[in-house]
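Chain IDs A, B and C follow the sequence of writing; residue 1 opens each chain.
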Amino acid sequence: MKLELKGITKRFGTFTANDSIDLVVEPGKVHALLGENGAGKSTLMNVLFGLYVADEGEVLLDGKPADFDGPGDAMAAGIGMVHQHFMLVPPFTVAENVMLGHEQVKGAAKLLDLEAARAKVKEISDRFKFDVDPDAVIEDLPVGAQQRVEIIKALSRDAKILILDEPTAVLTPQETDELLSIVKDLRDAGTAVVLITHKLREVQAVADTITVIRRGKVVGTAEPTASQAELASLMVGRDVSMTVDKDEAKPGKVMLTVDDLSVVDEEGIARLKHVSFNVRAGEILAIAGVQGNGQTELAEALLGVVPTTAGTAMLDGEIITDKPIKDVLHSGMGFVPEDRTEDGLVASFTIANNLILDLHDKAPYAKGMALQPKVIAEEAEKHVEQFDVRTTSIEATASSLSGGNQQKVVLARELSRPLKLLIASQPTRGLDVGSIEFVHKRIIAERDGGAAVIIVSSELDEVLALADRIAVMYHGEIVGIVPPDTDRDTLGLMMAGAHEEEAA
Amino acid sequence: MSAEAVKKSDDAPSQEGRDWRGLLREITESSWIVVVLAVVASLVIGGLLIIFADPAVAEAARYFFARPMDTFAAAWEAVSSAYTAMFRGSIWNYSGDTFVQQFRPFTETLTMATPLIFAGLGLGIGFRAGLFNIGAQGQIIMGAMLGGWVGFAWHLPVGLHLLVAVVASMLGGALWGFIPGILKAKTGAHEVIVTIMLNYVAANLLAYALSTDAFQRPGSDNPQSPVVDTTAQYPLILGESYRLHLGFLLALAAAFGVWWLMERSTWGFRFRAVGANPRAARTAGMNVSFGIIAVMTIAGGLAGLAGSAQVLGTEKALTAGIAGSFGFDAITVALLGRSRPLGTVLAGILFGAFRASGPTLQVAAQLPVDIVLILQSLIVLFIAAPPLVRFLFRLPTPTNEKVVAA
Amino acid sequence: MTTTLEAPQTEQPDADVASGPSWKIPILLGVVGLIAFILFGLGTPSGTHTTFVVSRGSDAIQIPSWAVPAQAFALFLTISALLLAGVSAWGVATRRKLGSWVPILFGLAIIASILVWAGAGKTATSIQVTGLLIGTVVLATPLVFGALAGMVCERSGVVNIAIEGQLLSGAFMAALVAGAVAGATGSSTVGAYAGLLAAPLAGALLGAMLALFAVRYWVDQIVVGVVLNVLAVGLTNFFFGTVMRENPDLNRAIGLPDITIPLLSDIPVVGPVFFDQNLLVYAMYALVIIFNVMLFKSRWGLRVRAVGEHPKAADTVGIKVNRTRVRNTILGGAIAGLGGAFFTVASGLAFNKEMTGGKGYIALAAMILGRWSPKGALAAAMLFGFADSLREQFGIIGTSIPSQFLAMLPYLATIFAVAGLVGHVRPPAAENIPYKK
């Protein structure tokens, strides 16, 4: 089936997310939609999938105009979508999730035919060697398996056009390769595949056609043979350096010592198992790994958000495990949380208030119990300027800021006190290239200023760009700590659990 | 049509700056107009109910096609008698003979508003801290119980007695707020469920207490306590002719205190942060559990003061119905006041007026007092849904809709 | 493709980093058992007897009443309960799963010990077993309807705090229509059935208002529910004080007849308890069974649960989220409205102000205790109904437990439940979150 988008425009209030976009997707081809975070790719696909209604323009299927009133229509027309955030009901089984929305029923009472759904899952799973158990409950499955359930869901509805929205964000390099080979199989079976991504390597690996989107507009098309630098400059709109400028690290004394640290969650599952390592002043230790392998728990255990069950962490000679979070922060730890909107900011608070979340009861922001609004405002003005936060006013709410500017507010707050250790989790997730460069620069400046730095990132590119040493985590353990010039394949194998010696 | 053309038309109105149309737009988009219109809409619906239930209207409607004007006259008579009765019962009794009689309704309004303001302030703090406390009723009961007991069972010097009794009320309410607070903080038990359940537990405790010798008035078979000592009563601030007591001024002071606490203190900053995003508050080193417990305890303490206003001020003795429905009404007060102290005071006075007008409504207009419950709930529903009010009155949709608190 | 690359989601903990199992339940059972032992075991005077009367005079098959030595029995029961607490502790210590028979037996032993204690030495009165159980079923009826109503709404993601108001409006409407129809037809039975039919309409109307504000205007569902309860009180009181006062015929004590099921109703105890009731009680049985099947085995149920757990996922497979929620909220209101008929036509009473007396909130508690399932709601409602029935019995035979404390039991049980002392309670994930695209 051939898909055409003609002049699609979608506005949210005064913001134009898609500006008269044209796109043609041929059957049996992989069409890559390349663009930065926030360029409008997902919006476009949600329009196509019937989740949003376009303000202007039309969608043609095999030349006939399609008018979707909701995703049900899009699915019926043969469009399947694997969302970036999986659309699976956590307490349901795989079979229930796959049948949801087009359930088969049996008998006079018209009860659900679970048998048929199981058989369908089994059939597709076997066809593509997915190895998914139809009776497994979604919330018990690892993300990789959940993604395969999403693909089964789309295929079980006979999707002729499959949209994959940033499908590799949660996968190891090897899993990514496997996914890309599935994409090729699907293409060869005649499916039209739309691959939404900002990762140039994937585009080059599988795309037959590339459309680049910037700020809601199509800025060009490219052949898969185009170089990464060409694609990058088309995507960002200027020449971008693919590397981060930084000097050789000058490691000082050991700042953080983690010894045998373990975390068991509320369900009784071990999330962090006997982790030991140290970080020196003036170096960046990057923690690589597929999301969900204990990195989040490690960072949060160091801050004290999750309780540890064994082991200790020492910051500059002082034990910080089992201290209140407040004391840990004041002993010189800066913390940039993985999920900035959930953990880093109070969305409904002003920028000024967000800048003092941790220091609101300390001088000069407070005298006794009384807040000092004047001081708070003055300091906020200063920080907003230093960190180039683009806003109309310090009294604007944090929710009014773009992702990049929100992250700058978090950084401004965390870096505004003298730090011994900075922990930054996924510091550039979802940011545009300009903001990424800014954040990287500030992190390196902090290192050069003598702080120990831990970066947790599931983006291998970022790990390789920033790290002075790389620790790879798998199943709650550190499988090895390697130098920054380790090659991708080795890192990928380690992220899949192989130890350093085996991987190399 | 190109996107460029659309953009231009979007930008056009802002060019002229603040002309009269812009001003009108601002007024019609403001939340205050919504509040006023919500009250108007509720009064209209209330009027329709009054007409529907009025026997004279029903009588006239029987021969509607013969003399339609009779029906309309009867309807007008029914509605106007109801609403003028409400005015006379709550603001100014123009048919009273003496000044005292004329002025008394307004003081009654303020008297009735006192517990509503206290409890509403407490609930408002909770709402802003993200806690839905439905437990003001139980907290008022506990406050009234403890304060009342100190009032009639203890005998202390003038001044000290009132102080101790008021503090006891506050502690009683605070205890009943502390329980759901600590359960929420330590076990995650949802405060809505726990506070609802505690309301009933408190009501049963009160009923039980009033059946014991320690609480029951000697020589009385009714479930009521002895009258509290005069030393423990709130002094009357306008003399013997009016029931308005010192509790009202204390409520105003509490409103100011709550404003300072929430807007100007580090505690309030924490409460608001915990309410808006507990995870971020925790990551920033705030003690979320403590925040929840503190908010619930303070809210309970304020509701306990509402109990003191009842038992030490208005009623002067503990009865099974001492809390009336103040605890539930206070929820609507806090919602109408948008959880802000000034708003709560004004909303408390409005709903206090509704309550005060009850007896007049019953006597003069022969209507059940419950019409005020209907008005009260309709007002809150309308205010919670500004788009509905705008739709009813055909007002323009504002550029960014404000979401109601809680 | 192989699946070697799994994150550690379902792994068993290493023994050395795992935390211990929960001791909450053994401790709770131990404390309750100890209190029961002291109060009811040791508190029962020696040398007295407790008489249990099983059959009623009107029953077809008579079972002789049964007198037991009170103290010996009370001691035996409470010591058994303590032993069961010990068994539970042993289960935790050795990490064995013991199943739910331990707490169930424990509960029965405690209840029996209370009955033995209460009836000890009462020569004039005795414990009416059948009456106690009939009372349980009858008093549980509005709770079951209310809990089902809450469940139907919450499973789709809408919190229904307005059950109380829906019961009240149902009670009012049933009385009003029953009176009007009885007046018009001259048959109070026809009137009663007409009232039963009308009751759901009033509940559905409140449900529709909840849906309008919560789903259409995104107002906080708890706010709407609380306010609708006030509105329901206001409206029913207002019409009670106007229309019904002026036309007393519209509010008469009209009752549904009991429908005796042949043969089944002759079974001792079970017969009169379950098979000699009015239509509303039979409707309750039917609804519990229907919803238990529909919710977990039908297309409707699968979709409703999906909407309540992950509305966006449901939307992406073409399920109309808000339409589902509106329908369920109205349906839930109708069920609660039907339950409201219990207070008037099913009990043969005239409507009175605020006559539901907080039963809607207890129904909410039953739904939570029953973990949002129809079966569980039935069990929890029966438990509360039993507590209520016990209170009535104790009122007759006279005990030293103040009735107010028995009245508190359902509320305290609910607080314990939501505080996680009796297992983990997990509401539908999308509850109280409006669905906005």
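Heads up, the rule we're going with is that contacts are C-beta pairs under 8 Å (C-beta built on N, C-alpha and C of every residue); 3 or more make two chains touch, one makes a residue touch a chain.
Predicted model, so just to flag it, every value in this text is computed and none were measured.
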Co-neighbours of subunit B and subunit A - touch as defined: C
Centroid-based (C-alpha) most distant chain relative to subunit C: A
Centroid spacing, where centroids are CA-atom means, of subunit A and subunit C in whole angstrom: 45
Where subunit B and subunit C are represented by their mean Cα positions, the distance between them in whole Å: 31
Complex interface listing, subunit A residues touching subunit B: 9, 13-14, 16, 19-20, 56, 303, 305, 324-330, 335, 337, 342-349, 353, 357-358, 360-361, 366, 369-371, 373
Residues on subunit B engaged by subunit A in the complex (per definition of touch): 1-3, 6-7, 10, 264-267, 269-270, 272-273, 276-277, 279-287, 399
Residues of subunit C that touch subunit A when the two form their complex: 1-14, 16-19, 293, 297-299, 302-303, 305-306, 309-310, 312-320, 429, 437
Complex contacts: residues of subunit B adjacent to subunit C: 49, 53-55, 132, 134, 183, 187-190, 192-194, 196-198, 200-201, 204-205, 207-208, 211, 328-329, 331-332, 335, 367-368, 370-378, 380-381, 384-385, 387-388, 403-404, 406
List of subunit C residues in touch with subunit B within their complex: 161, 209, 213, 217-220, 222-224, 226-231, 233-235, 237-243, 246, 358, 361, 364-365, 368, 402, 404-405, 407-408, 411-412, 414-415, 418-421
